[in-house]
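We just call them A, B, C and D in the order they show up, numbering each chain from 1.
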Amino acid sequence: MDLTVHLPRNLILKNPIIAASGTFGFGPEYARFVDIDRLGGVSVKGISPEPWRGNPPPRVWETPSGLLNSIGLQNPGLSAFLAEDAPFLRTLDTVVIANIIGHTVEEYAAVAQALDREPAIDAFEVNISCPNIKAGGITFGHDPDAAYQVMRRVRQATDKPVMVKVSPNMAEPWTVAEAVVEAGADMISAINTVIGMAIDLKRRQPALGGVTGGLSGPAIKPIALRIVYEIARRVRVPVIGMGGIQSPEDVLEFLLAGAEAVMVGTITFQWPDRMEGIIEALPNVLARYGFQSLKEAVGAAQRPALADEEGLAP
Amino acid sequence: MDLTVHLPRNLILKNPIIAASGTFGFGPEYARFVDIDRLGGVSVKGISPEPWRGNPPPRVWETPSGLLNSIGLQNPGLSAFLAEDAPFLRTLDTVVIANIIGHTVEEYAAVAQALDREPAIDAFEVNISCPNIKAGGITFGHDPDAAYQVMRRVRQATDKPVMVKVSPNMAEPWTVAEAVVEAGADMISAINTVIGMAIDLKRRQPALGGVTGGLSGPAIKPIALRIVYEIARRVRVPVIGMGGIQSPEDVLEFLLAGAEAVMVGTITFQWPDRMEGIIEALPNVLARYGFQSLKEAVGAAQRPALADEEGLAP
Amino acid sequence: MAGAFKALIVTVRQVALDHVELIVEHERLRDATPGQFAHILTPGTLRRPVSFSRIDGGLGRAGLLVQVVGPGTAWIAARQVGETLDMLAPLGRGFAPPDPDRPWALVGGGVGIPPLFSAWERWGWRHRAPAHVILGARKAALVLMDADFRQQAIEPLVTTEDGSRGIMGTVVDPLRQWLSRNPDGQVMACGPNGMLARVSALTEGIAGPVQLALEQRMGCGIGACLACVVPSVPVGPDGPGYRRVCTEGPVFQREELAWSWI
Amino acid sequence: MAGAFKALIVTVRQVALDHVELIVEHERLRDATPGQFAHILTPGTLRRPVSFSRIDGGLGRAGLLVQVVGPGTAWIAARQVGETLDMLAPLGRGFAPPDPDRPWALVGGGVGIPPLFSAWERWGWRHRAPAHVILGARKAALVLMDADFRQQAIEPLVTTEDGSRGIMGTVVDPLRQWLSRNPDGQVMACGPNGMLARVSALTEGIAGPVQLALEQRMGCGIGACLACVVPSVPVGPDGPGYRRVCTEGPVFQREELAWSWI
């Protein structure tokens, strides 16, 4: 079965499985363990104009079927990325997506502009769920207008395909998706981690150095599916779904909910080669559920209208 | 160790373990399986002025460490509750909390007013995370002003202790908590379920009859802890925490995050007597972590100021 | 308090491809009734409901005939003699005893057959009017409990969808024929919803009671959570009422259900 | 691709209360270095890092000495001979070989002892200058690997906090004394952070290299996720830099670390 995914601006994935940002470094780390060229794509760790230090450790904590992290977007900054990481990425025969972060609209634009000229980078993922210190702690990702501004400036900075990554930590994430599509986003990726926390009973303190953290892994799959489903029925651009994917069946759930491709994160820590396993199994699993092609599965569980959900309470 | 919890308006719990609304019916169902009088309290299924039909089945679906439900707040309505359920509840020697729901501010007030005179009811839990059809699908629970209005009318209707149950499905649930405390709420309970979804691959449809549902169980514990922590540091009234509690250690996490008592839901379906087991084990577990009293554990993991979290990204 | 209990597994036997019957023992199973079920702890977030395939009240023994369809049933089917199953049981409303003087049809499809066998085992011996057992399956290898019925002195009529055993087709045609000969009959049926809907339609207006045993995904299993509902009368302008399979069922009178909504 | 692999468990032995040592075998363990670790799959969401307690490069065998502190280590400790452990290994930067002509102190506390034993096993036989092994534990029953050191021809100095074995106190006093006698010495240490902080402070200014093996909660174990960092130089006005224990460590030079932040 052909697993190729055709995305806007001629972005073509060999298959719908992309390594999720922040869980796959800048590529070389996992190169010993995974045949990266077999993946549909790789979204690298978030890149800011200047280096970011990140949060104090501990930075990870296990929860039931989940993982809390408070990495705090540590990254070496744009110049170090260009000097040290871009050369390796240029050697890859797969789609490389630059995940970009910033404190201000201009910082996002600066990274996009610099990487627009970098041949290693095939597309951008604008991560607007990081704290915006200038706007008083409200993140860009929770404010459709701010998200619109970021996307508009990024759009001016590059003609490469751009997706915006949506935060689940708000009542109606689709309002942000709609705003950035309006501002020229070619795709939406969803979801980023869900804010959570754990208490270390022995130390009588928040378990993470960053106090709160982002929850990922199978625990958040239902939250992710619902947001992907809601966004896919509202925007006309492709949605890249993620959150807790562990198996080809999980991938199918996201496809049926409306995603055209998916990203895979936390499970890679346990099973570095799981993404390859999923790619291998996907045609059979699609066939087992009666799908002749990948495309046929996309949105197959979407209900026709928005109206029929009115009046339903959880 | 003394497990008594003193709450506002002379509401006294024998211990901090309360059966969570919607998971314990109106009491008699579990009376065969649990010694209800040993519990700190029981929050009964949501009650509306008129009967509510609820959502089409299937209404539950398993997810990793979680449970999705789309019961849709089915309930027999106020008069049936008074005629059929209140008599049993009057026989209980534990705190009975009426969970109240409505489509409009007046509906909430109507239930509170009617039950203010009912001796079976010791306190109210105002559930403002149900859909408000009048306000175009935006729920009361996501709008601090609407939440304020509901609480103000309920406050006029009753002098019994009132807690408001907060929804996790928004960026800043504490804004709602702050608003309802302003309007006279004596306590906050948190959290209600997290909106989620699953796909039934065999039927190629959303798994739940209600399309989306509420996620509960251990999967949401980190989300719940974080919201309890954030609310407890912002409001001066007691917080009743819940979400995924399975063990006495889980209870401790909520206490350290700032809760004075907790509610226990989903685990009861697997282990009807787990709440009793937790109550029995709690003194030992508190002692094991070095606490001399229940009170000492409450908020023990709270960090001093709000300021030190600024600039930390998940 | 009569909480959950651990029933000892005394027999395990493979009865068909992917179908295992366990016999479990506990004194709390003494007053189980055909049509009732056990809510069984497995590694998942929820217990799993399984009907009794046979009941020996005297010994406090009951059968659980499980088809492996997912992780919970796979786990149950992998248990061994000497282990225990943690269960809430017996739960729900079972079959009302049949009128011994009325023709009686027992109609079962797939894992709907076990509760009918337990009904036949309990009440068959005292039944005076004619009785008829119709068992449906997809193919020969999946026909359940026909030997058990034979041992209890009745020859079941078997239908398979592919004709590999008995009559080719479903239970519907044989039932229609039986009903035309027995308009004063009574019916008990259990099986997939599609089959029960047909049974319900066919039996409209017959003289005797029609009892249908339903399945629904369950939470608590004891009436508290309102998860396990099925559409039922009265049907209002905005939809049907909902009744709980776990306590108001699993066995319903056909008149109680709103089939157009199921 | 050199992905995860399954190492065969060839020996399991209880070495102290709640401490088990497993010997595992796989050809990919042939070039493991003392101070490196294996990242082991357990039922949790994350793998568990465990240092090598001994390494037989020729046979591709390595030891894993695990203290049971939670579900992951309990699961590892319950494995049996003939089962396999799924691991990513060998990972991280191990100890740099000691200068054979410089006095050498090996200082270990609790489960910090195993990597030091593997260092001694590898380099002790060719060490020409004097060597000194100091092992700390809370109480006698928890002293680890002292017999192993003895078998490798060195008598370790044991300290226990309650004085139930060896010198009462911690490894700090004996180390201070050794340093005052050996200002030209080199040190390898592994243990709780508190102990390493003291070692770091005491060894400031000594002539030889001071290598400290650290622990931190890990995600990927291979350098991709930035979970496992420890504060390190340079320290800027807004805090320290962060280095990864899994790839830039677990063994650091004392000068690389920012102890005031750890």
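We take it that a residue touches a chain if its C-beta (ideal position, glycine included) is under 8 Å from a C-beta of that chain, and two chains touch if they have at least 3 such contacts.
Keep in mind the model is a prediction, meaning the values are calculated, not measured.
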For the pair chain A and chain C, the C-alpha centroid-to-centroid distance in angstrom is 47
CA centroids of chain C and chain D: separation to the nearest Å works out as 61
Whole-Å distance, C-alpha centre of chain A to that of chain D, is 37
Listed in rising order, chain B residues that touch 2 or more other chains are 63, 65-66, 69, 71, 217
Multi-chain contacts in chain C, i.e. residues touching at least two other chains, fall at none
Contact graph of the chains (line, ring, star, complete, other): line
Pairs of chains in contact here are A-B, A-D, B-C
Seen from chain B, its contact residues with chain A in the complex are 55, 63-66, 68-73, 130-131, 133, 137, 142, 169-171, 193-202, 204-206, 210-215, 217-223, 225-226, 229, 244, 249, 252-253, 256-257, 289, 300-301, 303, 308-314
Seen from chain C, its contact residues with chain B in the complex are 1-4, 41, 44-47, 88, 216-231, 236, 238-239, 241-242, 247, 261
Per the touch rule, the chain A residues reaching chain D in their complex are 22-25, 29-30, 32-35, 45, 53-54, 56-63, 65-67, 69, 71, 74, 217, 266, 268-273
